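Presented below is the structure to which this report refers.
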Amino acid sequence: QTQGVSDTEVVLGSVNDLSGIFAAVGVPAVNGANLKFDQVNAAGGIHGRQIRFVVEDHAYQLPKSTQAYNKLINRDQVFANLLSLGTPHNLAGFQLMDPKGVFNINPLTAAREMLKEPVDNKFTGFSSYYDQTTAGMRYLAKEYGLTKVCTMYLPTDFGLEISNATKEQAESLGMTFVSETTHKPDEQEFVGAVQKLRSDGCEVVTMALGVRAGITVVGTAKQLGWTDVKFLATSAGFLEAVAAVPGGVTDGLYAASGWVDLQARRDDPAPAKFIAEYEAAFGQPATGFAMLGYNAADTVVRALEAAGPDLTQDSFRAAMEGLEYYSDLLDTQIKYSPENHQGANDITISVVENGLWKLVGRE
Amino acid sequence: MSDLLLEVRNLETFYGPIMAIRGVSLEVRKGRVVTVLGANGAGKTTLLKTISGIMDPEKGKIIFEGQEIQGWEPHRVVKAGIVHVPEGREVFPLLTVEENLALGAYTRSDKAEIARDRDLVFNYFPILAERRKQEAGTLSGGQQQMLAIGRGLMLRPKIMLLDEPSLGLSPLLTQEIFAILKRLNQDEGVTMMLVEQNAAVALDLADDGYVMELGRIVMSGTADRLAASEDIQSFYLGHDTEGARGERRWKRKKTWR
Amino acid sequence: MSLLELDSVTLKFGGLTAVNDLSMSVEEGQVFALVGPNGAGKSTVFNLISRFYTPVTGSIRFDGKDVLKMAPHEVPNLGIARTFQNIELFHQATVLQNLLVGRHRHRKTNMIAQMLHLPSVRAEEREHRHAVEEVIDFLDLQPYRNSRIAGLPYGVRKVVELGRALASKPRLLLLDEPASGLSVEETQNMRWWIDDIRRHMGITVLMVEHDMGLVGKVCDRVLALADGAKLAEGTPAEVQSHPKVIEAYLGTNAVSKGGKVA
Amino acid sequence: MEVLQLLISGLANGCVYGLIALGFVLIYKATEAVNFAQGDFMMLGAFVTLGLVNPEYAGIPFWLALPLVFLIMGVLGYLLDIVVLRAVFGQSQVAVIIVTIALGFVIRFAVGEIWGHEPQSLRSPLALGDVRIGELVLGLADIAVIIVTLIMTFLLWQFFQRTKMGLAMQAASQNQMAAYYMGIPVKRIQGMVWALAGIVAAVAGILYASKGALDPTAGFIGIKAFAAAVIGGFGSLPGALLGGLIVGVIEPFASRYLPPGWSQIAPYALLIAVLLFRPHGLFAQVRAKKV
Amino acid sequence: MRFHFKTDYDQDIRLFEDGWTFSLYAALLVLALALPLMIDPFFLGEATNVLIWAIAGLGLMLLTGQTGQVSLGHSAFMALGCYSCVLMMEANVPFVLAFLLAGVITGVVGALIAIPALKLHGVYLAIATLALAILADDIIVLLKEWTDGVNGKMSPPIDLFGYEISRWNNPIEWYYLTLAVVLMVTLFYRNLLRAPLGRAFAAVRDSEISAQAMGVNVAQTKTIAFGISCAITGLGGALMGLFAGAFNNETFNFLLSIQLLMMIVVGGLGFIHGAFLGAVVIAFLPQVLSMTTDLFGRGVAIPGLESGVFGVILILFILFEPMGLYGRWLKIRTFLELFPFARKDMFKRQKSYLKTERLR
């Protein structure tokens, strides 16, 4: 008997941030996944099994997340977790999941440790922040010949990934690392930081900030008349709301990410369908993270289907490792293999133009 | 009786499970001074607090000018014309003397009259005028007591409930206070209910009196009658300290128990 | 040598001279009263002795030791206990606990021993309790032993405060208006208590009191204060008949709870 | 020039803290309660405005919406007092602290439910446009913040200093029983001050939202405003403003001149330093008790 | 109704008032000891969690409930306890020693911090300590050589005299370990309360001026209270970190301090029982909420529902009984004891009024 699997049901879990500082990421992602699962369940489930998706809120706090993992794994007996948010939170969860072989699929963190040993039960959805940042810097260096790179970051796992990428990869890209500033999530005034980076002569600034802060930084730089600089965000800042700030405040902001922006493609058939379905279900506009959530659920569903009626941890792993398809929702190719547990390797580079993200490059 | 101003009927007040007032009834007639005597913990303070709405009674009625006022919020009671000069001063410690007095006139709006009354208070207690800018919390105990009384006067009440007005005042000032109260009563017709440990002066000023013990009224009558009672004389006036009790340390039994 | 000596002590609050070049001395075994109009500086003198205030000039000595060199919490260790005019009890605690705090200066065990509740701690606790029960018996506080201060009438609180001071077994007791708010009967009790405190316990008493009846009966010596300076000093009778005291303090028609005074 | 720019931006920044701190102080001065939800009040005020003004919601013209916002927030503050705070009237301050913290949770939840968790921008006429004086740049919103804060502080200060109601509020905070003895309707007055705090929060929220994006966690800057109020001497209105300015100014300077990792510590380190030397803040409201 | 006829001072000094009370607590202890036999590992983990919260709560209770100082900085001391314990364990200090030393270190640091903080009262102390809690987060990041900054540390398994205890392999042993710490802390706490130091705490809380006049060194007493409080909380923090399996700077976020304060108020400020009742509420409520939402089917995950409902429940708790759960229990008990003589509105709150705390 496989944990979390019965003849009529397969239990999936997620430990997410529904009320903490990353609720803007966690909530739409969970909604997106729910949308997909509801559709699948309504259509009769997979091999006769309904999907039960249990979501726990950790509000971005570690002790709460262990509590949540304990509940999901020991009480709800989940088969797999998906979309779990936060690097340390996931790492703590591995301690419980690894001994039981519970899968961790497409966690909502782009940290490289998401594929640490034992890698058997771990799958990620898209490129890491590290790779995204590197790709973004490469693009800007090539396109504009910029060489002086700086970073602004929150002292969190997320911030550290991006600042490390900036510092470690600058040289290999023919750039020099010049300066850095750190911030707190509740900061709202960036004149000092922007002045500092400006006087240090930064040409590219990688950003690992909260969404609200990121918008303010770009706005402040504009206000102070600092125009000969490129700000580069990652998938964490790759949100419609950032592009849609009135007055063109964020115009010219770059973002490197693992997918192509949803709103920019809202007239294409797959995104249009998703946007309509999502808005009908939740009464809120669909966002990139909703799309990610939907896609992760889709990946799991495909694997469950491929694993066949006899669902075990081994059959599921084999199914995941054989998955290969083009996601027209994300506009990226998804391919897993026994050697590669990272689904999408594409990195997209976009820039804000007229209130929308415009795709300018792809790796 | 048309000149009945305040009437308390069968009042019971509790502190949680503790019954502090056990069915008290009393009457205060317009223009009279009524004193309530009683030992420690008899419930005098509780009685006054219940009348002024600071505490809620559980049973019974308080009728002021024909209106039932029990259970009212205290500020409404004040508006109706009852002012309570509390035990233990209760001044506003971080406000100046002047501001404390100004608050006494909170319910009034006639500026000229207020100014006149304030000058009157300053006239009664010149030290307050001298210290008008001092924070009330730094006044000496007696000075705070003067302020509390002065503040009560500023309200221009129909009836004043005075809880131990002479507490901590010098003998000279005690005499002056009682002279002032007498004047207020006689010239301005202010009715008073007076709780006072200094029974001699209280009975001297009062027209009627009640004696409370353990939450009940045990004796009542005109002040003169009470003053003549043997029990009152020995327990509240201390007449026999030198005589009957003398250097004896045991106490005589109270006959009303 | 006197037990307590104040030598030309002066204290100012801003422009106000609350105590003005005051000298006084209290002999061992005396009951000494400080009287004077409201705001004369009597409580301030107490606060100076308790080290809540530091005088601008002058010295305060207790049993030859310089009180001004002590921190406020060290003063009780000299054997000085006090009560407050406006009652400062630990209002959330019971009477018993209040009195036990009075024993604080007699504690012997340290924190670790107390945490482990070693036998020495228990022995000490019994000892404190014994001392406190004596005070309770003396002041007739038995009915209130386990009542919280918050629910006690004013008069009882005054007595509890006296008890708390007594529990510390002081050599000098400072009483700020011990009889204010007490009825005649209770004032009489207070008189006997003060007498016993002096006679049987051998404690010197310095008190502030407006009830001249009480002062006349229990005090050996009276000092009248006005505007922070000495007005008169002597036996109760001498001070009470001093014309300046009558004018500034007593009035011509002084009454005390126990009847007419003069 | 750079220094001047930092200073001016810092002042504008500090005024936002000052405005929130004003809300804290207001309630403290009149009730001695500490409202830990004031930051969330501000956030709520901003979202209410956003809900009324932004085209994707009600789309009412900004200036027309303002009185409506004040009304809504005032009523909310008053209701809050009636429904929640009156039940703990006369109870220890810790109870009020817990209640307001919990209230913050509820407000954050409700706002997230109604307006979502993604950052949004208020369509405020103040958000657009800068003012340039030589090399100095200031947003319109910054200037508005400075002016409004100065006016509000002055008005509130005068209100407490000069009016009968202000005096009664102070009295009610110092001794509720005695205030009742004076005929002051203590509970009603407290309700009014909560309503007033709601309005002040709305003003702060509107100005805050005009300066940048807004999301339900914006209320957390209340903590810095708290630090500001304490530095100023909790309970002093000019102190709140001064504290806000100090915290606001130290921030840009710290991030400009301190090494990364240290700059964010500055406001809190400053708070601790101030308290070390002035335990009750710059305009201390605490006195030694006379016995 | 039980009557107490006291014939001996020891009756007031003893831990238990009488045989009845003693048997009550003995039964409780037996129940606690037998708990692992009765519930599954998941709930046992939750029970352990409750006990850990209770330890941390007892620490804050000593300071806030007994001495009257409100601290919002205790998350910093939990962090200190946790990091110091784990660092020592990593340096091969035996667990028992590392654990106790972690308490001592936290206590000493707490006392040192208390010395300047002593001049502060009420809101000022609360905010200064809140600043401390916020700073702790940054300091952990700055000390990344030791603390591994934001990446955090994995908790090493506990080696108890050669016997390994790990959270996932032997939850029962973990539970007993926690229970032992709880018993020790509770006993120390009780002992303090019935000794001069405990009375000095209460004296400082109620009136600093008269405490001073009774010879209580207010500064020293507060320092000691702060120190002991921090030590206990540090132990709680160490257990919390070890139990969580992994921890970093955000684990001991200032929100933890706020939860801790909520916990002791909801439980009943000033009572040892309050810390436990509060811990049950704080640790179990989220679980209960998430189980109830599971019960109602998955539906649409409502973001932040948990903290929203949590807030509402806390508000209701306080409105229903500002004295906390234990206060309510005391009333119920009195009612039952007096039955049938209790009046219905015996516990109706008489109006109460506050006076300023700005006078010291």
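Here the chain labels run A, B, C, D and E in written order, and each chain numbers its own residues starting at 1.
Going forward, a residue touches a chain if its C-beta (ideal position, glycine included) is under 8 Å from a C-beta of that chain, and two chains touch if they have at least 3 such contacts.
All figures in this text were calculated on a predicted structure; none of them were measured in a lab.
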Highest C-beta pair count, chain pair: D-E
Cα-centroid distance, chain B relative to chain C, in whole angstrom: 28
Between chain C and chain E, centroid-to-centroid distance (C-alpha), Å: 41
Chain centre separation (chain C, chain D; CA means) in Å: 48
For chain D, residues that touch 2 or more chains besides their own: 108-109, 112, 117, 174-175, 177, 180, 216, 223, 261, 264, 285, 287, 289, 291
Sequence positions of chain B contacting 2 or more other chains: 15, 54, 93-94, 137-139
Touching two or more other chains - residue numbers and ranges from chain E: 138, 141, 209, 302-305, 307-308, 351, 353, 356, 358-359
Listing of all chain pairs that touch each other, if any do: A-D, A-E, B-C, B-D, B-E, C-D, C-E, D-E
Touch list for chain E against partner chain B, complex: 334, 342-343, 345-351, 353, 356, 358-359
Chain E residues within the chain C interface of the complex: 9-10, 12-13, 188, 191-192, 194-200, 202-203, 205-207, 209-218, 224
Complex contact set, residues of chain B against chain C: 15, 18, 38-42, 45, 87-89, 127, 138-143, 145-146, 164, 167-176, 197-201, 235-239, 241, 245, 249, 251
Chain B residues within the chain E interface of the complex: 14-17, 54-56, 58, 93-94, 137
Residues of chain D that touch chain C when the two form their complex: 291
